[in-house]
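For reference, chains read A, B, C and D in written order, and residue numbers begin at 1 within each chain.
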Amino acid sequence: MNLPREILINLFHEMLRIHKVQLRIESLYHLDEMKTPIHLCIGQEAVAVGVCAHLRKDDYITSNHRGHGHFLAKGGDLKAMIAELYCKETGCSKGRGGSMHLVDVAVGHFGSSSIVSGGIPIGTGLGFAIKRQKQQRVSVIFFSDGAADEGVLYESVNFAILKELPVIFVYENNQFSVCSHISSRQWGELIFHAIPREKMFTQIVDGNSIMDVFEVAKIAVDRARQDQGPSLIECKTYRMRGHAGSGSDAKLGYRTAEEIAAWEAKCPVTLFRHQLLSEQVLTEQEIAEMDRDIEAEIEAAFRFAQESALPREEDLPLYLFKE
Amino acid sequence: MNLPREILINLFHEMLRIHKVQLRIESLYHLDEMKTPIHLCIGQEAVAVGVCAHLRKDDYITSNHRGHGHFLAKGGDLKAMIAELYCKETGCSKGRGGSMHLVDVAVGHFGSSSIVSGGIPIGTGLGFAIKRQKQQRVSVIFFSDGAADEGVLYESVNFAILKELPVIFVYENNQFSVCSHISSRQWGELIFHAIPREKMFTQIVDGNSIMDVFEVAKIAVDRARQDQGPSLIECKTYRMRGHAGSGSDAKLGYRTAEEIAAWEAKCPVTLFRHQLLSEQVLTEQEIAEMDRDIEAEIEAAFRFAQESALPREEDLPLYLFKE
Amino acid sequence: MPWSKVKPEYDEPDFYQQSEENLRRVTYPQAIREALDQALALDDNVFVMGQGVDDPSGMFGATVDLHKKYGSQRVFDTPLAENGLTGIAIGAALGGMRPVYFHNRPDFLLLTMDQLVNHASKWSYMFGGAVNVPLVVWACIGRGWGSAAQHSQALQGLFMHVPGLKLVMPSTCYDAKGLMLAAIADGNPVIILEHRFNFKHKGFVPENLYQVPFGKGIVRKEGKDVTLVAISHMATEAFKAAEELAKEGIDAEMIDLRTLRPLDEEIILTSVAKTGRLVIADTGWKTGGVTGEIAALVAEKGFPSLKAPVRRVGSPDVPTPAGYTLERAFYMGMPEILQAARELVGWTR
Amino acid sequence: MPWSKVKPEYDEPDFYQQSEENLRRVTYPQAIREALDQALALDDNVFVMGQGVDDPSGMFGATVDLHKKYGSQRVFDTPLAENGLTGIAIGAALGGMRPVYFHNRPDFLLLTMDQLVNHASKWSYMFGGAVNVPLVVWACIGRGWGSAAQHSQALQGLFMHVPGLKLVMPSTCYDAKGLMLAAIADGNPVIILEHRFNFKHKGFVPENLYQVPFGKGIVRKEGKDVTLVAISHMATEAFKAAEELAKEGIDAEMIDLRTLRPLDEEIILTSVAKTGRLVIADTGWKTGGVTGEIAALVAEKGFPSLKAPVRRVGSPDVPTPAGYTLERAFYMGMPEILQAARELVGWTR
C-alpha cells in the first residue's frame, strides 16, 4: 500500500508517543505516586494506532483495563490521562476511576471497563445508537483473548450481525490472560472467523505490523461507515511487560525468555522506524526531533498531573447520579 | 439402516407413549387440577427418543422447561412425573418443582431448569465428572433455539472441546422461543457447525425422523463413550402446541395455519407408524394393543397422582439443604 | 396458564378523591402501556426492547401492539442473551438513546447482574460524572400457579443494596404510569419491579402526561396506633389490613413507599414518631432484604419513639415451592400483617 | 501493585491460649493452602479450579504450587467464562465431585449470579432433596491501591439475602483453614468471601485437619457496656476498637460472626441482652446489606434489652473511588467503630 508521507509519519508518531508514555509511566511507577494498578500496552501499539487512524473524532471506542493506547490513539487528552493515574481531580475521571477507567467523551471514548469483556456489549450498543440515529459513525471495541472466553462476545457478535451494526470488534490477541496461555482456555481459533464474509468481515492480521493493521482496519471502517455491517479483526500480538505493574515478568517462568526476546525483535515501533528510515520517509534527525517534542509533551503532562490537586474527601458523594 | 425388530418397536412405543402422555395431560389441564405451567413436546417426540435410545440407565441428561419427553425417554418414572404435575408429595420433586422441574436421579436425570440455557453448563459439568472419574458414561444436554441465544452455550461448547468431554449437545431447533421466530433473534445458522469434526462432531438432522435422529445420535454416543470428545446434534423440528398450556395457538397469528398444518403432516409418531406398518414390522392390531397398554399405564399413573397426598404446609422448610 | 384463577380482578380504592373532575379508571397494564405510548410519541430516542414485547400478549398487556404503532425499529423483540442485551442497552443509552428493556421476570435479571451492577450502576460515578446511563429495566414478579423457584423471585432486596441504581415498585395504576414516565425521563439506571397480581388492578389514571417523583412515599391511610410500611402488592395487602384493623378499633397508618431507592426515610420516621410501632411488609425474602433495611433505619434513627419491637412480614427463607399447598404457606399477606399489628398494639415490656 | 504499602504485616492476637501445646503461627494464605492441601489429599473428588489457581502467584498464595503436587487434572486454570464455569462446577458436584472454584474478586461473581442464585441455591429444594450441590465458591475482596469500583466490591450483602447459599467470612488464620475444610465437607453451595487485608495476617493454626462449624460466632473479647458485632476484616478493626475502648474505661464485648448464613442469632441476642447497646461493622455498603439485617434482628427480637439506638458502620452508598484521598473517606474501620461505641455509651433519651 502506497501511503502519503504525512500519514506514515503520523502513524509512526502516534505509536512512538504511546510507547514513550508507557515507558515514562513505567519508569516512575516505583515511586508509588501513581497509586493505581497499571496495565502497560508496550508491544501492542500498532493495534490501537492502526485502527484509530481511520476514525473521526465523533466515532466511538470502548476499551478495557489495558487501555492507555486506545485512549491516546483515539485522541484522548494526555494530561487528563496522566492526572488520572495520579488520581487527581484534573484526571479524565476526576480521580474516581484510575488507570483502568479512562474516559474522554469529547473524542468518543465512553469509558473503559476493568471487567474483562464488559465493554463488548456496550460498544455494540453504541453501534446500535449510531444506526438508529442514522449517523455515519463507527463504534470500535477493543478486547483481548481473555475477553474472548466470555459468552457475552457471542451474544454481542450475534446482535451486531442481526442488526447490521457499524461495529468493529478489534481482538487484540496477545495470547495471555494474566499468566494463562490462550491454549489453556480456548480449544482453538476464534470460531467467528467462520462467519460468512457478507455477514461479518473478519480477518487475522499481524498485530505488530502497523501497515497490516492499518490496511485491514480501513476495509472494516469503510464497511461500517457505508452501513454494510460489522467486522472482526484479530490482531496477533504480544504483551512485552508483566500483566500488571512495571517491568518484565520473565522471572515468573510462565513464558520463556526466548519467546519474549523473539517478540521484542518484532517491536512494532522499531520495525516501522526501520522501514521509514530505509524507505527514507524519515531521517534519524527528524526522528530525534520527534523524540524531543514527544518527551516535552510528556514532561508537561506529568508536571500538570503532579501539580494538580487531589480530590477532596468531602466530595466522595459526588457523581453517583446525573441530576 | 437395518435395525432389529425389537428396536424399531421400542422406538415407536416410546414415542407413542410420550405422545399419549402429552395428549392426556392436555385433555385434563382445563380442569385446573394440575396447577403448574405445562410446556408440551407434541411434535418433538423423535428427538428425545432417538437420542435416549442409545443411553444407559447410568448415563446423564439435563433438560429444560419442555422436558416431559426427555424425562420419559430416559426412563423417568411416569407415576412420579404425573404426580409432580399435580404437585403431590409423591411427585418426582415432592411437589416442590412442578412441570418445569422434573428429576429422577435413579435414571441419571439430575433436574431440569426453567431458566432457558441453565442446564447447558450443568450438563457439561456432569460430563466433566464422568471424565474425571473415568466412567464410560455420556452426558446429554437438551436445549432449544432460545437457549442458543445465550452466551453460556458458547462457554460450555468451548469447555467441552477444550477438555474433550463426553458431552452431547442436543439442539432441538423448533424455530421458536415463545412467539419469537429464530430469525428475529439469530443472524443465521448456529456457528458451532463450523467447528472441525475432529474437535466436535456436529450434524443437522430432520428432528421429525426418528431414524435420522437415532442414526446420528449413535455416532455421537459411541464417540462420547470411547472418550473421543463432544458432539452437537441439531434437530430441526416444530412445536405443535402453544408455547405453554394446552391447545393450538394458531389464533395468535405469529405462525400461519398452513405452516402448522404442514408440520402436522410431519408428525414423527404418525410417520413412523406408517413406515412400520408398510414395512410390516407392526400390524394395526399390534399397534392397537400397544395403544391399550399405554392407555392403561397412563390411566394408572393419573390415578396414582390424583390419589396421592398433597405436601403439608408445615413441611415448607424441608429440603433447603442436605444435612 | 389461567392467572385469572390466581387472583380475581381488583378495583382499587380511590386514593385520589382530590381529582374529582377526571376519574377515568383503566387497568394496570393499560396504565403502563399509556406511559410507554406517550414517551415513545414524545421522544424519538425512546425505544422498547425485550424478549416478547412485540408478541400477541405484549408483556401481559403492557406493551401490546406498540410495535404496530411505532414500528419494529423502536419496539422490538430481542434474543434472550440478557447480559449482552443489557450491555447493549447501556451502550445505546451512552449513545443518546433512552432504552426501556422489558423482562417477564426478575429471575432473568440475575443473568444481567454484571452489566447492571458492575457497569450501569457505576458508569457515572467511576468516570467522575463524564457519562450517564438513562436506562429503564422492567421486570414483573411472578406468583402462583406453580411458578416455582425460578419464575417468582422478588429480588428487590438485592437491588436495594446497590448504589447507583434507582429502584421502583408501584402498587397502583396511577403510580405505574407516573413512575414509568419518571423513570424514562431520569438520566440514570432505573429498575422497575412490578408484581403479577397488580395487573388485575383497575384504578384512576389521568390521561395527561405526568410523573410520580422518586423518593416520595405516600400515606394511603392515616392513623395513630401503628405504622404499616409496604410496597407493590404488599401495599395492597397492608391497606386491606389497615381497614380490617379499623374495624377492631386499631387506627393504623399505612405507607406505600413507591420507590426503595431513593427511600423516603422521612415519611417512615415521621409516622413512627407518631405511632411508636412499625410493621414492614415486603414480597421478598425476609432475611437480608428490604424489611431488614427499613427496620434498621428505624432502630438507628427512630429508636426514641419506638414503643414496641419492629415486626417484619417477608417470605420464609426458602425458594418458592411449586405446590399450591406450599405456596399457601410460603406467601405472606394481609393476615400476617394484621397479626403483627395486633401483637404490637398489645405489646408490653 | 505494592500491596505491602496498603497494609503492613499483622500479627494476630492469640485468641486461642487454650491450646498452649501447639502454637504454630502461619500466614493467612498458608492456612488456606494447607486446608486445600489436606482436602485434596483426603478426597479424590475434591478439585480446585479458577482463573489463575495454577499461576506463579497462586491466588495471593492460597493455591500456590498445588497443581505441581496434585496435577493439572485436580488443580487447573479455567477460561474466564465465569457463569458457564459455575454451571460446570455445579454439574461436576452433581456428578459426585467436590469443586472449589476460586475467583480473584467477588466482583466477578456478579457474572455468575444466574448459576449461583437461580441454580446452585435452589437445586436441592426445587427437587425435594433428590439432589444436592457440594460446591465451594471462593473470592477475595480487594481494597486499596486504586482497586476502584469494579475490583473492590464487598458483596456479602447480596448473598446474605439468598436462601440455599451458605456464606462464610473468616477473619483469622485459624478460621480461614477450619472454615475452608468445613465448606469442602459441606454438601451444599458455600460462598467464602475473604478480604485482601487478611492475607497480611500471621496467626495460630493447628497442623491437624479440623473444621470450624458454620453458624457459630465467637466472642473475641468479653464485655458488659456495648456489643461490637463484625466479620472478616471488620472483626480485626472491631477488636482493635474494643482494646482502645478498654483504655477509656468502656468495656466492650466483641463478637466475630465468622459465617453470615447460617447466622448465629443467639450469640448476638445474648450479648445485647447483657450490654443493651449494639454496633455492627461490615465491609459492605451500609444500605440494604449485612448491618441492616443484624440491626433488624435485634430490633425484632432484642428490643426489650436495647438501651440505645443501634449503630451501623458500613461503606457509604457509592461505588469505591480509585483515588486514595477518596478511599480514605470511603473506608470505615476502627475509628468509626470507636466513635459509634462512645456515642452509644453516652446516649440518653
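We take it that a contact is a pair of C-beta atoms (placed from the backbone, for glycine too) under 8 Å apart; a residue touches a chain by one contact, two chains touch by 3 or more.
Given the structure is predicted, the values throughout are model-derived calculations rather than measurements.
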Chain pair with the higher count of C-beta pairs in contact (A-C, B-C): A-C
Far-end chain from subunit B, centres as C-alpha averages: A
Gap in Å, rounded to a whole number, between the CA centres of subunit B and subunit A: 46
Separation of mean Cα positions, subunit C and subunit B [Å, integer]: 37
Centre-of-Cα separation between subunit D and subunit B, whole angstrom: 42
Of all residues in subunit D, the ones touching two or more other chains: 78-79, 81, 83-84, 107, 111, 114, 118, 125-126, 148-150, 163-164, 317-319, 321-322
Sites on subunit A at which at least two other chains make contact: 93, 95-97, 101, 113, 115, 118, 149-152, 154-155, 158, 162, 185-186, 320
Touch list for subunit D against partner subunit C, complex: 83, 107, 110-111, 113-114, 117-118, 121-122, 125-126, 148-150, 157-158, 160-164, 261, 263, 284-285, 287-293, 295-301, 303-304, 306, 308-312, 317-319, 321-322, 349
Interface residues, subunit B side, partner subunit A - complex: 149-155, 158, 161-162, 185-188, 191-192, 194-196, 199
Subunit A residues touching subunit C - in the complex, by the definition given at the top: 60, 62, 91-97, 101, 103-105, 110-111, 113, 115, 118, 120-130, 132-133, 139, 151-152, 154-156, 158-159, 162, 318-323
Residue numbers on subunit A that touch subunit D, as the complex places them: 32, 35-37, 87-88, 93, 95-101, 113-118, 146-147, 149-151, 177-180, 184-186, 244-245, 252-254, 310-317, 320
Residues of subunit C defined as touching subunit B within the complex: 1-2, 5, 51-52, 55-57, 76-84, 107-108, 111, 145-151, 316-319, 321-326, 328-330
